[in-house]
Each structure stands twice: as structure tokens, then as C-alpha cells.
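Letters A, B, C and D name the chains as they come in the text, with residue numbers starting at 1 for each one.
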Amino acid sequence: MQKIAVLTSGGDSPGMNAALYGIIKEAEQKNITVVGCLDGFIGIIKENFIELKEKELSKYINIGGTLLGSKRFPDFSKLDIQTKAHSILTQHGIEGLIVIGGDGSYHGALALANLHFPVIAIPGTIDNDIPLTDLTLGFHTAIENAVDAIDKISTSAYSHGHIFGVEVMGREAGDIAIWSGFATNADAIIAKKSDWDLFNVIQNIENSFEAGKRTQMYILAEGAISAEEFKRQVEKHSSFKVRTLMLGHIQRGGTPSVTDRILGIKFGQQSVRSLINGAQGKCLSVNNNTIEELDISQVLKADKGKPFIPYGLDY
Amino acid sequence: MQKIAVLTSGGDSPGMNAALYGIIKEAEQKNITVVGCLDGFIGIIKENFIELKEKELSKYINIGGTLLGSKRFPDFSKLDIQTKAHSILTQHGIEGLIVIGGDGSYHGALALANLHFPVIAIPGTIDNDIPLTDLTLGFHTAIENAVDAIDKISTSAYSHGHIFGVEVMGREAGDIAIWSGFATNADAIIAKKSDWDLFNVIQNIENSFEAGKRTQMYILAEGAISAEEFKRQVEKHSSFKVRTLMLGHIQRGGTPSVTDRILGIKFGQQSVRSLINGAQGKCLSVNNNTIEELDISQVLKADKGKPFIPYGLDY
Amino acid sequence: MQKIAVLTSGGDSPGMNAALYGIIKEAEQKNITVVGCLDGFIGIIKENFIELKEKELSKYINIGGTLLGSKRFPDFSKLDIQTKAHSILTQHGIEGLIVIGGDGSYHGALALANLHFPVIAIPGTIDNDIPLTDLTLGFHTAIENAVDAIDKISTSAYSHGHIFGVEVMGREAGDIAIWSGFATNADAIIAKKSDWDLFNVIQNIENSFEAGKRTQMYILAEGAISAEEFKRQVEKHSSFKVRTLMLGHIQRGGTPSVTDRILGIKFGQQSVRSLINGAQGKCLSVNNNTIEELDISQVLKADKGKPFIPYGLDY
Amino acid sequence: MQKIAVLTSGGDSPGMNAALYGIIKEAEQKNITVVGCLDGFIGIIKENFIELKEKELSKYINIGGTLLGSKRFPDFSKLDIQTKAHSILTQHGIEGLIVIGGDGSYHGALALANLHFPVIAIPGTIDNDIPLTDLTLGFHTAIENAVDAIDKISTSAYSHGHIFGVEVMGREAGDIAIWSGFATNADAIIAKKSDWDLFNVIQNIENSFEAGKRTQMYILAEGAISAEEFKRQVEKHSSFKVRTLMLGHIQRGGTPSVTDRILGIKFGQQSVRSLINGAQGKCLSVNNNTIEELDISQVLKADKGKPFIPYGLDY
């Protein structure tokens, strides 16, 4: 193997640059050239390739986002575009592709694998919504960011005796809500749609205030209920006033946590080794602190199931 | 003088606890007892007083929010309530009152002063919208918080080539927008209503993308245009897609900056000295690094005028 | 069970307050009263007990250090002191004791267990040097703190082209060095005594500078080599100038990370359940994301063995 | 004016990159080319020039250190080297030089000015030890860094009841000690040599412990007394045990504060305007929130005098 490519796709996540570094580091040791495709799969079609060097990459380990960029490219679901990508990669002498991203990116990676191009995927998303892995790259930083923001809101909520509904990311997965809500001792966590029970919430607020609690903090997973809807319903059916905040892109930015830096580098290194060993249509996962190789098709068919619950949390 | 009271009112701001500490520290040196009125002016009417001690307060210097709480109390605009507050304060042997808050709080303070009760006010608000002072307590922390959040969003915006409209606080004052926009090298700052020019913004975005810029960041003062409205208008009159974020209460929380800790302690100490020296209907301000005493009535009549522009900024 | 006690002992670690919160929360649900022994084992002998309440504790979850204090008390190795502690606990109606601390604290806990007093220990130390557990409480925050500091030093080191030797904590365990060195892409990590090879380091520096690298960062575990000794030896045997920094107590302070808050609360809750279930001379550990109960005696006899290596790191 | 040069010299300080950005931004508007001299004055002699572009520089505004590097070059005190620098600058068509650094750098800048080369200096040092300016670039970030570290140490100090001596930077100036000590409510600040009074410190510790204070924090300016010496003397003449920490390079690293970003950009912009206006042997300063031009020779002759005391602090 002499030349491989890497791309980042879907929503950016902290640690993607560390993963790029891990890839280059491992590849340079094996005398493999690495090119980055700019802005995701579209970079292949546009032949936007840049050569990556360890020396330059090393200073991006602690920088959030992705150096390679990531843009939407819905056309990549079409077979002719996929076939074109395959032939462009081959023309450029690229012998393998590493795709870093979420489940949309996994579909793109699988499509190329189905055309017999060697591909391996790294789970890169803050949402922790990829099945069969304890952690996705960026999740740890996202919960640190969320908790930092909730801590900040909390001093203000306490000062005024506010009721707060804070909406966090995570798409259909409630992992960010669960971790950040537990770590901030939230009054309740609405992690999935079935957790939402308006009557229960209003009762909870009433009981809390009666018990002398000054303030109330509800952590809402975006896939369960929006902050706006939470406010609308509680205010409509009670006399309580609700403040809201959507943490939004703050969660995905900033310096990657130690965990995401290390996980990124390790995922990156392993992905190169896997390609060398002939991995085809595979993706990496981490379970019980061990990095493993799975079939992308298996992961895409699997159910995300219960959120990853740290240390057997009660949720 | 043997006993004074202090209250925090209006939106909480980082550094209020440091101000409380400064008050207690100075008062204890002068053998003056300090009581805190819980939740603002309403604490007087409810006779919710707690005695404050330096030893306990000292560990709150680096904690945001206000230990004393702050709740809305629109009834304090009524003369009979004001008169009642006056007599309650007198009955409790309280000889002076320190009010920490924004312009609403200044009106309450002035009302008591007009009833001949010794009052001094400290400008405590993140908005920096009190006239005749360079800085209000909490503003410095708010801009650090805003910049930290905008930095986080920026790595993600860069990854995707997004256009972002970020709404910051500051009510009618654009100071938070100006400082945070300048420090993050924003593409434009809409600090006051007259800064808003839809055509200009769209032109600016077009020019930027043509010039090869990848991403666009617009900082919007809440008093100028909301993020939602910004998005609605830009998307309606162009083909650009806009992402938005309201920083909200994140700006007012968290550990006070060094500047706000020192400013808070100094304001607190000076307010006690001013009361001892017979200040009546006065408020503190800081200009050219010097703390001064002004008439509350003068400040309430003054125009906030131009934002406080650091180091002769061009805005 | 109606009344239990808790103490923190040894070096403080971030997350101890979260553990206290978890204990109180679980105990209040079971109608068990919790008292804290101030300053560790000495608090038993001095009968310095304070009753702990969930409501008060909840605001300390995100505060570092330990509310209960922790002071050295070497006399607790004496049997008569241990016997006295046992009878004091019994006199106060205390039916079980939770000890949060490192291996020194484990010895104290075991001594009481050997006198047939129900005891359970929680591994609370930043050093991650307790055998048979993947993580100790506080370790995660310590590495975040260390990495934050090394990041700060790095920009300065780069500016000047400095060679830095940074000494981190961890006693005989090199875990902090390994995690923080890997996450900051250090030039080398001296995690244990046998890693130290002066000639190799000097060679490495020479090679690096020859290859055009501008700066050099060496992470030194305190149990392997001190920063001072590192500097002394390198400067004696080469012409290089070395800068040093001991991160010291910065590592153990500050807001606990999300991981340590959750781990602390979970350890706390489980310790109460274990006592109720009759645990005697047990301690908690976390392995593969699961909290388990082990015998203290087994842990004290075990070898710490290899550092806990995240994701199969190569070190 | 068509081409100017810029260099950073002496210890790096956060905000230097923001100043570089301000320079480029202003220069590009005036169609002036800017080259950076690598590693300070030595970059001139080695003819190590790189052209700087606004687009690249803009992403370094929030990064600490200096992109241009800064290395010691004592030989620049020699007239023949200065003359050589002058002729190299002229040969390269460079018509003016901006020097960012501390007082050593000011001497270098003055030397070139004395040879009739247009030079302007920007006060860039964390120490705040340049006379006739309220603030130097980097000082604000340094005190935020110092306070963050002292806050972290404080929770641990409180847990154990430790006495801490924390050494901060600032060379002969005590400004970092004063601001960080005041903001953390230190038990005492030893800001200059004459503040040191061993007997007084020991008395202070005794009184504090008698009054029931749990812990003691002493902030020591490096120019007044080292942490090591503080410990040695207190421990020799009393029975107290002292812990120490040198904050070291942590103070100069990290993301620049809002103040330093804005101050840096403004200093940078103004320096270009000053060169265009014919400034010769000048330096910038900020007083009462206004940026001014002074003679370097005047500043070098002036006395630093009293530390810059925020808001009329009592120290």
C-alpha cells in the first residue's frame, strides 16, 4: 500500500483532527502517502486532494473541528456518482479510504466498499448515536462543553429561582442529555420521546418548590422534545414561567478533551493498520476500552439500543 | 453607623458576590453589621434579612450569580410600598442601603433616597448599559463568556463553511456585541438598530465568498436584531442558509473574571465608605480606572450614548 | 441501618464532593442518617462529626477538593487508636463507615474492618495507583488539568524553541504521565524509572532538532524522575538548555470533569448499598465500565501492574 | 511606504499574534507589504523573512505565543551588528520596522532608530513592567491564568489546611502578584522586596489559625522572594510546614483574553499608522483607555514606579 485517502463527513466533532494526526503518523511509519479529500465525499468528485504531513498536523491535535472540512453532498447516494468516485480514487493511485463521520458517512463508505474499494470508517460524531460502540469520537468533549454551559446557567438560575429547559444535541440518541444531566444533578432528564410526560413534569416542579427547592433544571434531548415545545406546554398547562436555552453548536466546538484526543489518535492509527491488513467495508468501535473492527453493514443494521450508560447509571 | 443592608436586584451579574465580600470586609473593619435582603427589594418588604459574615463570604468571590438572590418586584414602583420599605428598614435599625443592580434597581434606590433614606447604588449588570461609567460589574466576564462560546462555534462554522448569526445580550447597548465581535474578528457587528442593513449584509456575504472566505460570523446585539429575524431576512432575500445561536444565560454565568472580582470588591468597599461619609442617592461609577461617586438622578437622566469603546476601537 | 459515617483521607481529589453527594442521596432514600468525620480518621478520634444533608451537598458536586477536609494522622496505624475509633463510632450509633481515599486510607479502612466494624472504601486519588481498578476518582480531572497546563506551556515553548521537562504527579504510577503525554503528543514520556535513559533522551533531542523540529516536550512522572534531576542531567551531559515545570497541586484542583462527577456519584451510591448488603472490608472498583466490589485486603496485596492504558495505547 | 517588517522579541506574551493580525490588516488596507523576521532581531541578520497575509493570520488571533518566534540574540547590542541589520533591512526594501516585546526589545528598537531607521515598538510582555503604560500586551491573560491556577490550588489547600506560597512572574514589577493576589483574596501579597518581613508573615499565619482560618495563601512576586526561599525561611523560623508552587510558563500561555486580543489588534493597527506618519524611535502605550505614542528613549529612562493599581486598590 503506497497511498491512501481520508475524508471527514457529516457534522464535525472534536477529535477529528487528532484522528487525522493518528492516520498520518501511522502511515508515515509505513511509508504510505496520505491525501485528504476536502469537504467530504464531494472532495473526491471535485478531485480536491491535499497531501497531509505529520509535522503540520501535529499542531492541530488540540484544535476542534476538522481541517479537511465537511459539506453536505446528498448526490453521493446515487450509484453513478459512487462509481465516478471509485474511478477517480483509482486514477489517483489511492488504494484505500478512511471515512470519519456519523451514520450518513457510514452509508457513503459502505457504498464504496460495495464497489470493492477498500474502505474503513471511524465513528466521528458528538451524538454517540452509532450502534455497537461505547463511544463515538467527539462525544466526550460535547458532554464537557454541555456541562460547562449548564454550570454557567445554573448560577444564574439559582440567583433568580428560574425554571430552565436546556436543549442538548444527540439526535435520536439521548446520551448527551443523560451524561450532562446526571453530572449537573438536573431535576429531570428527558432523553427520549417516551420520557416526556407533561403532567409529571408539572407535578415535579410543584413538589420541588413546595420542598423548598429554589430552582429547576430540565435537560432535554433534541430528539425527545425541543426547549421551545417544553416551554410552550409547561406554560400552557401551569402558571410556571420557563426559561430556555439551546446549547447548539457550542457543544461541538472547542479544544478536544483528553479522551477524544487519545481516542482520535488511536482510531486513526488503527484505521491505517486495518487497511493494510485488508479491511474492506469495516468500521472501528470501542468497547470496554478496546478498539475493535466491525462490519459497516452490521453496524448500520444494528439498533442503537439503550444509551451508553456510564458506570451502570440508573437512568 | 452600626448597621447597613445590601441587596442585589435585576439580572444577576458575575462579580456581585465579590461586591458583597468587599462590603462585608470594609464594614467589619468599621464595626458595622451588614444584613442582606433576600431576592432584592422584595426582601425588605418580606423582612427577609440574613446577617452576612466575611468568613463565609470569602469563598464566594469566585462564584458567579448572587448569593442574595434577585427576583422581580414591580410593585416597588408604588409609593406606599416604598414608604413601607423605608419604615421596615428603620425599624430594623438599618441606617443605610447598598443596591447592586442595573437601571431598574437604580430607580428603586432613588425612590428610597427621595424618602430621605441613605442609599448608594453599584452598577451591577452584564449589559454595560448604565450611563456615565466605563464599566458595569459583570460586563468583563460576559464578554469573556461570549468570546469563549463564539470561539467554539467558529471551529465548527469553519469545518462546514457555515454562515452564523450569533445573538448576544446587552439590551439597548451594543457593548457586548462590539467587544466580542472585535475580539473574534467577526465579519460584521450589528450593535444597534441603525447598523442593520439587509442589502449590505447580503452583499458582504457574497463578496466574502467570492474572495475565497470559507465562513461568515455575524454578531448581533439583542437590541439591534434577533438571530431569528436575521436568519429570516437573509434567507428570504438570498439563497444563503444561515445558522443561528442565542448565547443567552451562558453569558451571565460562570466564574467572574479577574477584572470583575477586583472591580466588585472595590465597588463594595467604596460603597460602605460612601455611606459612612453621608452619601445620599449616590451611585458608583468607574472612569479612567478611577471609582467615582455620582448622583443616581444624574445617571438616570443621562444618555448611555456611544458604547464604551476599548482603546478607541474603530466601530 | 440507621446511621453511617463517611470520611475523606489522603490527598484530596476532584470528585470527592460528588461522592459525598451520592452517599447522602442514596442514604436519604433509605432513611439513613449520614455524618461526616472532619479531616479524615482523626475526625473520629476527635469526635468531629457533622450531619450531611442532600440539599446542601448538591451545590458542591462541581467543586473540587473535599468539604470534609483531610489531614495526616499517622497514629491511626496504632491498634489502640483503631480500637478507640471503633468504640467512638459505636457509641455514636454509627453502623458503617465509608472511607474515600488512596492506599493509605485503604489500610486505615482495613484496620477497622479487622476489628469487625463494617467498612467500605472508595478509590479516591488523582494518581490512579490503586490496583484492580481501571480508574480512581479524580484521575480524569487531573489529566484534563495537566493537559490544559501543558497546552499552555506549549505555545510558549514553540515561540522560543525551548526544551521542556514537565513533572506530573502519580507517585509510583505513571498513568498521569502517559495519558497527558499522549494527548499532547509529547516527544517522550518517562513514566517509570526504567524509562529513563539519559543517552537516549539526548540523542532524541539531537535527532529532533536535526529533523527541523522547533521544540521538545518531555513528560516526567514524579515517581520516575524529577524535573530538576532531568534538567541537571541533560544539561550536564549536553549543551542543551532545559526549562522545567512541576505542575504540582494545579493537577488536583478545579472543577471535576464530567467523568469524575458521574463516577463520584455512582461510587457514593453504591457504597451505601454495599454497606446495607453487609459489605465488610470491601472496596469499590470500576472495570470495563462496571462498578464492582472487591476485598480491600486483596487490593492491597495486588500489584498495580501496568498503567491503565487507554484504548490499547502503545506505551 | 510599500514594505515594512515586524518582529517579536523577548519572552512571548499572549496577544502577540493578535498584534500581528492588526498590523497586517491595517497594512493591507494601505497596500503595504508586511514581512515577519523570524525569531526576533536575529531574523534580520539571518535574512529570515516571511511574507504575512491577513487571511492566514486571522486564525491565530486566539492562539497564544508568537507565530514569528523569539530567540535570544545578545549580539544585537553591538554596533556593527546593528549597522548590518540596518543595511539588510534597506537592501530588502523595508521602510519601517515594528518591534513587539519588553524592555530588552525596546533597546534593540532604539538602536536601529538611532541609526535613522524608522522604528516603532509595541509593549509586549506579560510582566507589565514597561514604564508609562497602564498595560502591556499579555498582562491581562497572565493574571487570568494565574488566578485560574490559584483557584485550583485553593480547593486543595482548603481540603488539607495547607499554607501555600505561590510564586508568580513579573520580574521586578509586582503587578501580576497584586492583581492575582487581590482577585483570589490572598492572605498576603509580597509584591516587592520591601514587602517581605518574615516575622510579620509568621505572626500573620499564627493569628489566622488562631482566628479559625483553615488555610493560608501567600502570593509572591518572583522579583520579591522566590517560593523556595519563602518556604525555607518560614519553616526555619517557625513550626509551620509550607507548600510551594511556581506558576512559571503556565502564566504566559493559552488563549489570549478578550482584553489582550483587542489591545493587540489595536496596537498593531496603530503601529502601522504611526510608521506611515513618520514615527521614529517611538513606542505605543495605553493610558486611561487611550493608545498614545511616546519616545522609546523617554520610556527607557522612566521609572516603572508603582505597580498599575486597578481601581485605586489599597495595596
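Everything that follows uses one rule, which is that a contact is a pair of C-beta atoms (placed from the backbone, for glycine too) under 8 Å apart; a residue touches a chain by one contact, two chains touch by 3 or more.
Here is each chain with its UniProt name: A, B, C, D = 6-phosphofructokinase.
These figures come from a predicted structure and were not determined experimentally.
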Report the chain whose mean Cα position is at the greatest distance from that of subunit C (6-phosphofructokinase).
B
Same-residue or different-residue interface between subunit B (6-phosphofructokinase) and subunit D (6-phosphofructokinase), half as cut-off
same
In angstrom, rounded to a whole number, how far apart do the mean CA points of subunit C (6-phosphofructokinase) and subunit D (6-phosphofructokinase) lie?
36
Indicate the whole-number Å distance between the mean C-alpha point of subunit A (6-phosphofructokinase) and the mean C-alpha point of subunit C (6-phosphofructokinase).
30
Between subunit A (6-phosphofructokinase) and subunit D (6-phosphofructokinase), tell me the centre distance in angstrom, where each centre is the average of that chain's C-alpha atoms.
40
Note the residues in subunit A (6-phosphofructokinase) that touch 2 or more other chains, in rising order.
151
Which pairs of chains touch each other in this structure?
A-B, A-C, B-D, C-D
Spell out the residues on subunit C (6-phosphofructokinase) that touch subunit A (6-phosphofructokinase) in their complex, using ranges where they run on.
21, 55, 58, 61-62, 134, 140, 143-144, 147, 151, 179-180, 182-185, 212-213, 255, 257-259, 261-263, 265-266, 286, 288-291, 310-313
How about subunit C (6-phosphofructokinase): which of its residues touch subunit D (6-phosphofructokinase) in the complex?
8, 11-12, 14, 39, 63-66, 69-71, 145, 149, 151-161, 164, 214, 243, 245-246, 248-250, 252-254
